[in-house]
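Can you keep this structure in mind? I'll have questions shortly.
Labels run A, B, C and D following the written order; every chain starts at residue 1.
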């Protein structure tokens, strides 16, 4: 059960205290107050946990400052919208605001290899005014004999260069809880030159211990990638592990699923699920066209399939795009064939801009003026 | 091996005769001349069939009127592009021109039920200037105890009403070769009030006898729907059955595939394959959002998933959209839950228009001016 | 609603007439009497069709000759067991008795090529006392440019040779209704030298027109192969088309399904569904190890995977085995890599015999003595 | 490159030292000697690691004590057979010998709940002479709100009771590296009352950090469960992570895969892969019928589907069976619907015995006497 308070409620509102006090009078019920600073206003929610099925709504609804009372089901307790009862207010991290209404592109190196490549990549982003990126230090690879990433050794110079080029947030995969500490330490050591969004990869989508670990800290937000062989519902259940741990700053990423029916693409592109995830959860939705398509083929119109599927995600309302880019794809130690070249980034961004404008035009038609 | 003649070659060109004559001097080689009237020009191709691997290209290339010589592989012999060697010139039927550059929407009744519903549906199309539609008379149903369609009985009044409302082409599923004859007879009986594109459904995607039957006639074009449990390559191979029979006026339709990974949608939306089919074949590509999504859920932005996935197909270059619409979805005898209401058609068309404009803007950026 | 009469009821039983007469007194109800000659006794069932939900059971249960009254649901109306309410009595064809208790192996040529190969194959069967075989004359192939089978031309000599070697029943795929007539004519012309079980292949599992055609005749039984990309329930619904047409002599064949998760086998072996089909329907169940496995690899124990999966089907109670065999697999025009060699047949039969004996031993333990 | 020494080579063999010394003369080549105590003899292998493609075979083959030299590929370097070049000698743990020739059944509680249930379960095993079991303390669950297992708290009494009933080895899932330490500590604290095989579950099949952790210790063997949404090859690659870490005492477990094509079973039973894994790797193969089938339905012959699929795995040569059993399935906190009842265990073991005898009879026919 969630008591949604009126927007922009003062933190010291006496009504808030009264709501909490009233809630605690019910046997076994505990409370958790969550304050979300959205783009245009702040939202305060009081979560009632425990045997809330016997708690009546009316006494709470009578408070002036209470907007509404939403009964939640166990399913997607923290990430869910509960039949459109809850808004998707979004969150802010290191100056970057993310919600179901915002839009960001995160280009970058799937696997960090050299300082020069990192620097050239961030410089290319900066030249286009992009302040969000991806960069892989810890790489889970199908075979133990493949390149496993540079690990924590590269963190200092990756973060330092990011800061130098004005990058505010880097999506970075972690595969072990120690990586979280290593990243936090390196961020601190570089004077918080940039920020990191912890990425949980598709192979770890049901590694519940890792999900608990990223959920147990609230310093860094989390990018959860859908499991490639499980249903959307199972992935959302797994994502709930992060939220139930306490960290609610989560973005859900679609990256294609595994089935032979998707050939010749590397994975079967699942971006038709963008509106589904936005409807069922409060989470901003990211799409990863690089890992979905996995190759550089172009249509007869000259546009790469990676461009096409990106636009498919964006025109349906995706809030983030994670895309592989590399100064020298042929030299990349991981997934080179699917990376865009630096000189293609500008065209990619322009293509994406058209799709985003189309989405906004579609949505605007519905809005009463 | 295909000899592509220069565009707008006169039908009585002496070079054409000479090319054919030369080709026939090679042992076992037969020829087939194919003339395609495209939107802006006509294309003439001479197919060399038989043991052409020993036929040299040079003698043909020396003709003034020969544009190029393309060696083809057995795979997708007639529908393929053969490594971009061949253009997708498209075709015309009953005043409707279809190619990889054109765009049409075909709204209509999944299953024809009453004259009134048919009339109201065609009238709604006419009001928006739409001249292409869908209408199902023969319905293949999973269970023998479900409604199987009105069959040939409804053809006269369906065609008559289509003609009255200016519909030029109706996509209509056939499940048996007799249906082709029945449709042709009914068209003739109604004075060719309208036109029909024969639709082969997903359940018959590998019903090779039916494919041969629709391929053996050239009066009516064919809409081939991808098989829902087979790879794209297998579906294209099946589609080649139609073309190898002699009928090259084919549109390939994506309609989602079956896998639990697509839940909660009825099928897994496969529109990321739009650029793939356009690259691998010369066929215009259609998308069917209704059978892919199968339900009326909307995103939190108020737009139906059916709208979203349609726009995903269109922004990637789809040439046709097949969409279920019904005056009273609750009374529909088949697939009612996925049908748009007549009063939603206008909003749908406007939504689609935005996506098509976005696709054209994307493509225009690539074209040198 | 089905009225099951006591076993071995005389055809002219007055009770049967009375049951039918009583049933017809209910408005809109029609009846169909079905008599099944099983191995040890005959079963008579009276099907009540129409609005039977208002028909009471009691008046029928009072007849001396009525064993029980089973209410059926629309799902699997004719092939279903209706919650174990109905027995699987089986059927006889040309001296071969098939039920959920019997066991037969049908080795043979996937595609008939030469008279010599056919003769040698049937001779090899005869040498081992086998009277059931497979032989393909009409071959549905993924590409139109692959060998499509010898068609009706080979029927006379295939049937003649079968008869010469004592083969009583050949499973033979049909892909068009004309093939049924061709086969019936050829059987007649050869003086019914052998018998044919009409096989509907996996690609035509939802070709409802073909299913209606094989269901509309009752001379020849039907072997229905599961669709490779649809659920078991959808395949059973399709199979019901055959039965609803009037032909109840049906065998259901498992042959693997398409998913990349089955690699390195050609299809994903689905023989765990043997007990499921036996529980849900009255149909004998066949397994096709050749098309499931699709290759000749052996385990380190020296036994081919084809042998292993066959035994997996048999130990779970399969009633028929369809297996590809060829005198010269390297020369086979279709699916040679998966065919056993003639000289392997004896070892295969011995292997199968062990598995069948194991199944019978498993079942015997349950039977009260 | 692997130098396989003659069987039963003395540990202090001078040839062994010479082989190692010779190997090390090649630049960059390191060696690792692996001695495997099999059932009937011991095998010694010298692994040459590094740039071995330039190392010749001949100098090694000239040693009296060298049986053969096997060139290996990177794929499945440690677990592979390398084109049948290597034997599957198996391993021993706590008095239990496991190889591709042995056979054990491991019944037990999917999730440990009470001491009484644990005790009754182990007692039931002991009564049938079974010395191997399963028991779940750490449970990865799809939702964070489901029962997550009793964790390390139950280890002391689980191990103590196991010892009391003569259980030698318990398969126990771990989801975090700390669990390994907790298990080892508890084993030590209970005076090694029993033994534990560390189980990596299907959701962690590509949790490479966990795989490295179980591979980095050699005290406890590992039961690796196939990933449910990835190909067999990907699962084997993941399994190689364990072996490459140093622990070669691994059993590979098939447990069904996720696809809607397997309905009504919980997962699609994949036991046709038993001979495939035995051919491609040196690992003993386990099957898990409980998680594959996931329900208690029986065939019309009265045998549960769980019994049927178990026999399917066993008749194809499976070396281990992991089966859920519970004294009171209705009270089970996890997966109760798929658990056998204690009183069914005897019938299950007898059923399995028939299938194993059938497998042995099948194999015996091939062996020259």
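Operating definition for what follows: contacts are C-beta pairs under 8 Å (C-beta built on N, C-alpha and C of every residue); 3 or more make two chains touch, one makes a residue touch a chain.
Just so we're clear, the structure is a prediction, and the values are computed from it rather than from any experiment.
> Of the chain pairs B-C and A-B, which one is connected by the greater count of C-beta contacts?
Greater number of contacting C-beta pairs: A-B.
> Farthest chain from chain C, comparing Cα centres?
The chain lying farthest from chain C is A.
> How big is the gap, in whole Å, between where the Cα atoms of chain A centre and where those of chain C centre?
Chain centres of chain A and chain C, defined by C-alpha means, are spaced 53 Å apart.
> Compute the distance, rounded to whole Å, between the mean C-alpha positions of chain B and chain C.
Taking the mean C-alpha position of each chain, the two centres sit 37 Å apart.
> How many angstrom lie between the centres of chain A and chain B, each centre taken as the mean Cα position?
A distance of 39 Å separates the two centres.
> On chain C, where are the residues touching two or more other chains?
As it turns out, chain C has residues touching two or more other chains at 229-230, 258-260.
> Of all residues in chain C, which touch chain D in the complex?
Of all residues in chain C, those touching chain D are 81, 84, 88, 100, 229-233, 257, 259-265, 268-276, 278-279, 292-293, 297-303, 305, 307-309, 311-313, 315-317, 347, 350-351, 354-355, 357-358, 361-363, 365-366.
> In the complex of these two chains, what residues of chain B are touching chain D?
Within the complex, chain B touches chain D at residues 258-260.
> Which residues of chain A touch chain D once you look at their complex with the stated criterion?
Spelled out, the residues of chain A in touch with chain D are 74-75, 77, 140-145, 175-176, 203-204, 206-210, 227-230, 234, 237-238, 240-241, 244, 258.
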